[in-house]
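There's a structure below that I have some questions on.
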Amino acid sequence: MSVTLSNVNISIASKPIVHNISMEIRDGQRVGLIGSSGSGKSMIARAIMGLLPQQASLSGTISVNGTQVVGMSDNELANLRGAAMGMVFQNPATSLNPLLRVREQIELPLKLHYDLPSDDRAARVEAMARKVGLPAELLGRFPHQLSGGQQQRVGIATALITSPRLIIADEPTTALDSITQRQIIDLLVSLVDEAHASMLFITHDFSVLAHATQYCYVLGDGEIIERGRTAQLLDAPQHDYTKTLVHAAQTLSLHTDTRSAAHTEGAHNERA
Amino acid sequence: MTDATPHNTQSKQSKQSKQPRQSKRPEQLHGWRRTLHRAGIIVSTMWHHGTGRFSMIVLGIWVLVSIVSLFWTPQSLWATDGYNVWAKPSRTHWLGTDGTGADVFSWLMAGSRTNLLIVLLTVIFALAFGLLLVALMVSRNTALAHGSVVAIDALISIPTVLIALMLAVPLGASILGIVIACGFGYGLNLARVARPQALLAARSMYVQSALSNGASATRVFFTHVLTNIRPVVIVQCSLCAGTAVLAEAGLTYLGVGVPSGVPSWGVSLTSSVKFISIYPMTVIWPGLIVTVVVVALNLFGDALHDAADPLSNPRLRKAQ
Amino acid sequence: MSEHDNVILEGANISKSFGTKRTRQQVLFDVNVHVCAGECLAVIGESGSGKTTLTRILLGLETPSAGDVLFSGASIEGNAGRAQLKLLREQSGIVYQNPFESLDPRWTAGRSVAEPLRLLPKQDSARARDDEQIGARVADALELVGLPPAEFVDRYPMDMSGGQAQRVAIARAIVKNPRILLADEPMSAIDVAARVQILDALAASRERNPQMAIVIVSHDLGVVQNIADRIVVIHHGRIVEQGTTAQVLNTPQEHYTKELIAVASM
C-alpha cells in the first residue's frame, strides 16, 4: 500500500509540532523515520492512522492508496485502520490490554473488522502465533506473565492478524534488551516482506534503521531535514543533525575493524 | 488588591540583587529572598486569572474588614435601638436593624473576624493532623502504614456534626468545638486524598537516591514528599476552609457552634432566621456573604494550586 | 590486570534468592566480582539476568542471601558492618536508568545536585560549609557534565531533554567526589544521539577523579566498549565470562557473549 503525505502541518493546542512534512511510502517499501524524542515523529504516525489527540489540528494532504484521509469521519477512519493498517507500539507492557489473554488480544481486530466463524478465527490466531514465534501454550496467558520480548511478539501478532497493507512500528524495540531487539526487528522485516506490505519504522537509532529499512527520512525540529536511501545516509550524511545521529550510532556499536582499538586508553579521553 | 504593590517591589528587589551576580554565581537568591521572589510570582500569576483575582479581592476584603472591625464599626454592637427594630436600611443603619434593634451591618462586620479566626484555626488543625496521618501512611513500617489506612477509613465514616455534638457536652457552644470537629473531619479527608500522591513520591527513585545518600525518613518526608503533595494539600485546605465557614453557620444554628452574643455570620443568620418570611433581608445578607466567601475560598485554592506548582506554572520555572 | 591491594569493592560468593519458601527463586548463584580504584567495570546481561540485583547488593542497597561484600577490605554486611556500610553510602554515588524518575519533578536541577552535599555528616571533611560553597560545587559538577550552570541550575526536569536530565543525575552522583560510582543502565532510556553525551559526562568525571571506580550496568556491549576497562557477563544469575574489554570483545569464549557481540555490531 502506498501512503503519500504532502505539506502536512500538525499543531497541538496551537503549538506547532511538525510543519510542511512531505513523505512517501511506496508499495512494499520499508521506510524509516528518525528523530529525537519530542521531535514529533510519533505524531506523524498517529496522523496517518487518524489517531491524533483531540486538541491537535492537522492540515495538508495524507493520501492512502490515493484516498485523502484528512477530514475523513471517525467511522471511515476506523474501517481503514482496522483492515489496511496495523500499528506496533513502543511499550508492549502498556499497549496490551492487561485483562485479555494473549489469544483474545490477537483475536480482537479480527472480531472487530471481519465476520468470521469462531473456528476460523481460532485457526488464524494460532497460525499467526506460530509465525511470530509464540509457543501455543502462551496463548492462554495474560500479558504480565510474559517477558518483554514475548509481549512485543503479541503486539506484532495483533497488528498483523488482519493482514494489513501498511505496518507502522513506533519505536517497537526501545524497551527491549539488545538480543531481543535484533530478533524482533528481524521478525518484523521478514513478516512485512513475506506479506509484501509496506512499513513505516519510527526510531531514534540509526543502527536499527540499517537493518529494518531501505529508505529513510530524518526529522529535526519538526521538519524533514534529510532523506535518502538508508545505506547512503549512513555512509554520507549531509545535514549536521544527521551526522550527529550517525556518529552516535557508530560510536555505540561494535565494528570488527575498530573493535581492538575501541578499548585502548585513548579512546574515551580523546572524545572527552 | 493588597497584593499588587508588594509584588512589584519584590521583583524590583530581586532584579537588583540578581543582575550583578548572575555572571559568576548562578545560584544567587537564597533563603527568604528567594521565597519572597517566588511568592511574588505566584501572587501575580493568580492576579492574572479571573477566578484568582476575584477570590483574592473577596478574601482581601474579608481580612481587611476583620481587622477594621476590631477598632471601628458604624454602630456599637451593643447599642440596641428599641424603637427601631426590623428597620429598613437607612443612613444610620446601612443594612437595617434586627429584632433587637442592633445594627445588622456592624454585626456582620464583627462576625467576619470570628469566622476568619475559625477558618484559620480549622485549616491549621486539619493540616497538622492530616499531614501527620500522611506521614504514618507512607511510613516504611508496614504495620503502621496499614493500620493507619484502616483507622482513617473507619474514622472518616463518623459525621462531623456528631463529633461537634459530642464535643458540646464538655465544651458547650464554643468556637473550639467547631475547630476540632471540622479540623478532625477534614484532616482525615486530606490524608486520604493525598495518600496516592504521597505514596508515589515516597516510593520513587528520587527518594531512593536521597536515602542512599544518607537522608533520614523524616527529612525525606519534609523535603520530597511534602513538595510533591503540596498541590493536592492546597486544594484540600481551601475546601476545608470553605467547609469551616459553612459548618460554623450550621453548627451555630444547632446551638453547638458560636455562642450567642459573640458576633459571627452564623449567629446573625440564626438570630433572624425565624422571621425569614417577614423580614427576609436580615437573613439574606449573612447568607449571601457566606456563599460568596465559600465560593471565593474554593476558587482561591484552585488558583493557588495552579500558580504555586512549578509543573503547571511556567513562570515559576523560568524564575530567575 | 588488578593488583589486589587496589581492590575497593569486592563481592565474594554472593547468592541471592527472592520470595518465600514456596515461591523461592534464586537470581544469583555464587558470584565473585571485584572492582579496583580507578577502574571501570561493566556488568553485562539481559533483564532478569540478576545484574541489577548484583550491583544493588554491592552498593549495600540489598543484602545477599549468602556471601559477603567488602568495601575497602571490610565487610558491610550484618551488625558488625553497619559502620562500614554507612561509609560506603557516603562514598558512593548512583545514576539510575530513567532520569525523569530519579530526579524530583518539583526540584530544580541545582537543588537536586546539592542534595548529596547537604546530607553529608557534619564532621565530614568533604562537606561544604555554607550555601556559597555548595553553590560553587554544584556549578562545578554541572559544568563537568557539560551543562552550563547559569542555564541549568534553576531548571526543572520537565524542561530538559532526556540526555540533559540524565547528566543532571550524573552531576548529583559525582558532586561529592565519591570513590565508587554505580550507573544502572544509564543510557537505555535515552535517545541514541544523547547517549554519546552521557558517555562524555562519565568520561569527564573519571578524568576529574581518576581514583573513582565506576560500575556500569548495561545490556548493550556497544555502549560499554567506549568506557569499560573490564567486562563481566552475567547470564541466568551466573558469571559466564569475564576479562578485559579487549579479551571479551576479541576472543569471546561463550556462545552467549558471541551473540551479544553479534547484535551490538551494526
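Letters A, B and C mark the chains as written, and numbering starts fresh at 1 in each.
Just so we're on the same page, a residue touches a chain if its C-beta (ideal position, glycine included) is under 8 Å from a C-beta of that chain, and two chains touch if they have at least 3 such contacts.
Just so it is clear, the structure is predicted and the values come from calculations on it, not from any experiment.
Shared contact partners of chain B and chain C, listed by label: none present. When every chain is reduced to the mean of its C-alpha atoms, the one closest to the centre of the whole protein set is C.
When chain centres are set by their Cα atoms, the one at the greatest distance from chain A is B. Centre-to-centre separation between chain B and chain C, using Cα means, comes to 46 Å.
Chain A and chain B have Cα centroids lying 51 Å from one another.
In terms of their C-alpha centroids, the spacing between chain A and chain C amounts to 32 Å. Residues of chain C that touch chain B in their complex: 59, 61, 86, 89-90, 92, 94, 96, 98, 101-107, 110, 112, 115-116, 119-121, 131, 135, 138-139, 149-150, 153-156, 158-159, 172.
By the touch criterion stated above, chain C contacts chain A in their complex at residues 46-48, 161-162, 191-196, 199-200, 203-204, 206-207, 219-223, 225-229, 244-246, 249-250, 259-266.
Interface residues of chain A facing chain C in the complex, by the touch rule stated above, are 36-38, 147-148, 177-182, 204-207, 210, 244-245, 247-256, 259-260, 262-263, 267-269, 271-272. Residues 22-23, 25-27, 30-31, 204-206, 208-210, 212-215, 219, 224, 227-228, 230, 309-311, 317, 319-320 of chain B touch chain C in their complex.
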